[in-house]
């Protein structure tokens, strides 16, 4: 399975399910893999920040890659961000050997200037190998690294193996427009843009030039439907669907507790068995859980996928 | 006019209207003051961050205070945050002399530890005088200063003149719950909590214990109605109203360009004459303006206050 | 008095002396102005960060500019950094009208990308006017804005009125070398580089290409002598002099309390009357003061300028 | 071998030597271990930030622990900081089983409030086990987490297994004084304080109450001698020795390139074979290397340990 500069649709940012004792729940991984595919996802991204990747041991990371890659019928991208290039290379090469479609690389938080960012990715590509297709992760809110359109253009131009941008800037709509304008002016080659931020701006990102979403919101089936509506030119219907989900999307998009909400929803939907996170982690209070459930109940009036209670 | 530990409702965070040349637009200030009152606001906060306070000269600040205080029939709170305590004192004393109800003080970005924060506010209160009622501004997203419930409790306990918390943490629902729980356990005296963040979580904040909102969203009339619905126990109707506005609230809550959106909406509503900001400032692109207008048009189907076009 | 792209020597970063009640001590300002000149300084920079500029009211700033400019026989540069361009312009134009040689502008802390930085200075130059000579302040440790050599080159190329770089990066020796190499390769026009950081690396900066120092260390006479020794090719003697002062330079270079140490030393030397800072400020503990005095006593064995006690 | 609340002297922060290809150089590890002991170090800390710990694979970390612990005749402390508590526990338990004296734990960069910091260490101690002696690492310059004396006191009071503070605040002299004052006032139990920051303030830290140093400066023999001079009450001689080294200490204390300088010096001294760092890494330019060598040559006039050239 491969991905490319024309990849579209929804790449699910997969959570990593754990059993109550913190060990990896492979049965839930299988269910989650199937669920993403059945939801219409065109790809799956594993071992990202929201996949709790930094809390895995190297052999656990490989076991997860193997499990997902061997089951999925869509391209699987593996997050390989690491403090050292040796570890990054090792996981990237092992993942590709197991059948991954590519890898995703985020910049480390200390980078500041354009040159520092561009040079970092040159080192990273040298490390993983120029033959490994990869996704550039742009996530300033968490990583504190701000990439201008010009920097992204330099990275994409420098590295033919960079096929996709995971766009997660905030605010970020103008960035998409600028990058697409650079392409139209022939200053930049083709590449795919999938958007993150939990989907918070997915009602406008496709019109700005995004090819879809790469995020882990608990209703990937809605995300896929939304992208389909935009592709079909049904703008108002897309917004109607989006607006029904926005209260929950917004609630999930809170830093720190977002993953707890996401796992709670996936558990409610019957996809994963436990909502356990590896420590240190932020948990939902009973009040927060009740608020999420209230939002789900309200959502169910518009979208029966959210009807999780009787 | 005074405010107190039992203040409720909506305190509008007032933008500062400018003419095209960047000079203060006093006519629009008058209209804005009237508009906030007619919208049901129970107070007005001027010269906050979104009021472009750091871009004012001292005499301009005083002219704005004088204008608003002499016109408003609700309490006016004046943002007096400043790099030096001498300037803070001077603006606070002058504002009170002109009839302001109190002042608002935010922590400077360099503060980190609990003690640093607590000591800063001791110095600030010593500077402005213990007789000046004040609002504690908690705004980590922009100021990078994180105040735990314990720190807020220490500040409130230290300073009887602190009557209100402008709550703007993100995520922040648990903070409201914890502070109110401390009060129930008699560990903390009464104080008012009004919430900011553009209203992004105002569908749950009242139930957590907030007394209302202090924010500058372009539809303060909606905010006031929403607080009223919660006060009347009409939870579902409150959420219906909130959900209709959330797409616009969310769009406005983008760092950097939020003020441009807010001024654009206020201009569309006919309240201010120009959407000029003092430089340096971020402007809306035509694409962004069109998106805001589309959101307004969609909102108008549910809320006729948004019907700004024919 | 003017300064230019070939300015050399020591520009003293002037502290602002206050009386015990926090009012400006103009008598000490006069003494300080004379002292800097008698110490061999080739220029004076006033109203910088260490001059407590953000704690001044606009009329105070102008009074200080007027006092120093009318007394000094060397070029005076005025720090005009401000949150708004209107205030920056106003102080810059007023200062030039009073006879200042130029202004100094620092980037606001929120800037991240190369383009953001370059665009900010375009706006600033438009505001103050292209006819006003200015110094670019590069001070990442305090301002958190990191400027690569490439960004500095873009700013210098964009703005003929930028005549000097106040270099205060840490680490920063390579930055000087790179900028000078760009000039040798004809990629960059001439400009002066004066170094800050309290002089912490002034034993190597001249050899890397710096034209001197712009810092406020309490012994500007030593700084001037040091630059002279380097200019005369007396490398080892320069290092001997520097090394004798390094224990004190290092002690003074502590963030937050550095200004208290500097004012303590200037008071010990009889230049300023009080070591008062405007609040909020960090004070020296008795233990710290005793440590500074011990360092002065040790220094006096090598440099009689430090013999302040009998 | 154990360490305790009364541990004194110098704990060397060990670099991790690599061969040119980036693989671990165990022969140099042995030489380094012997060198630290022969230099008078009373302990060795391995796998810290300057030991490039985040760039190691888990099995490599264990191989390094095993090698050093089995050779050293002084207590060995192992850095176990990790994004997840599971990985932290695993390395801590394995290290103790191999004979380590204890572990060192640093706070993750996201922590801000006192409570967040205190709670993090409660989780960490629960994870590694209350029976594992540990060192609290306080390093705001790199980690951006600022711990007040009060927070350190809470952590030490909460956890009897915390025996030592690696003090690396900047500025930090007052922090030592405050903690020791709390002990004198019986508000805090005994614990050891060893200071980092490359030794930049080791001429005053012992008098403030520090028990010694924990740092990786290339002349640990000098550090040990310095601590001995202070213990013997020879203040002026201690300062003479310190001042001779300060130009090099200062040069080494530059963020980012400090490790390159340290490895260069250790290679010059014949202790490690290569100065290779794992990528990404900052290298010394020829100009910087020449500056270090010049500083070594100057130092050699006062301290023959620095006479590395003929």
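Order as written gives the chain letters A, B, C and D; numbering starts at 1 within each chain.
Methods note: a contact is a pair of C-beta atoms (placed from the backbone, for glycine too) under 8 Å apart; a residue touches a chain by one contact, two chains touch by 3 or more.
It should be emphasised that the depicted structure is a prediction, and the values quoted were computed from it without experimental measurement.
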* **Intersection of contact partners for subunit A and subunit D** => B, C
* C-D, B-C or A-B - pair sharing over half of the A-D contact pairs -> B-C
* Relative to subunit A, which chain has the most distant C-alpha mean position? -> C
* Asked: Just how far, in Å, is the C-alpha centre of subunit B from the one of subunit A?
  -> 34
* Structure fact -> Per the C-alpha centroid definition, the whole-Å distance linking subunit B and subunit D comes out as 47
* To do: Return the distance between the CA-based centres of subunit B and subunit C, expressed in whole Å.
  => 38
* To do: Would you mind listing the residues of subunit A that make contact with two or more other chains?
  => none
* Quick one: label the inter-chain contact graph as line, ring, star, complete or other. => complete
* Structure fact -> In the complex, the residues of subunit D that touch subunit C are 170-171, 173-174, 177, 200, 203-204, 208, 236, 239, 242-243, 246-247, 250, 254-257, 285, 287-288, 291, 298
* Structure fact -> So, in the complex, the side of subunit A touching subunit D is made of residues 22, 52, 54-58, 83-87, 90, 108-109, 120, 123, 127, 278-280
* **Complex contacts: residues of subunit A adjacent to subunit C** => 112-116, 140, 146-148, 150-151
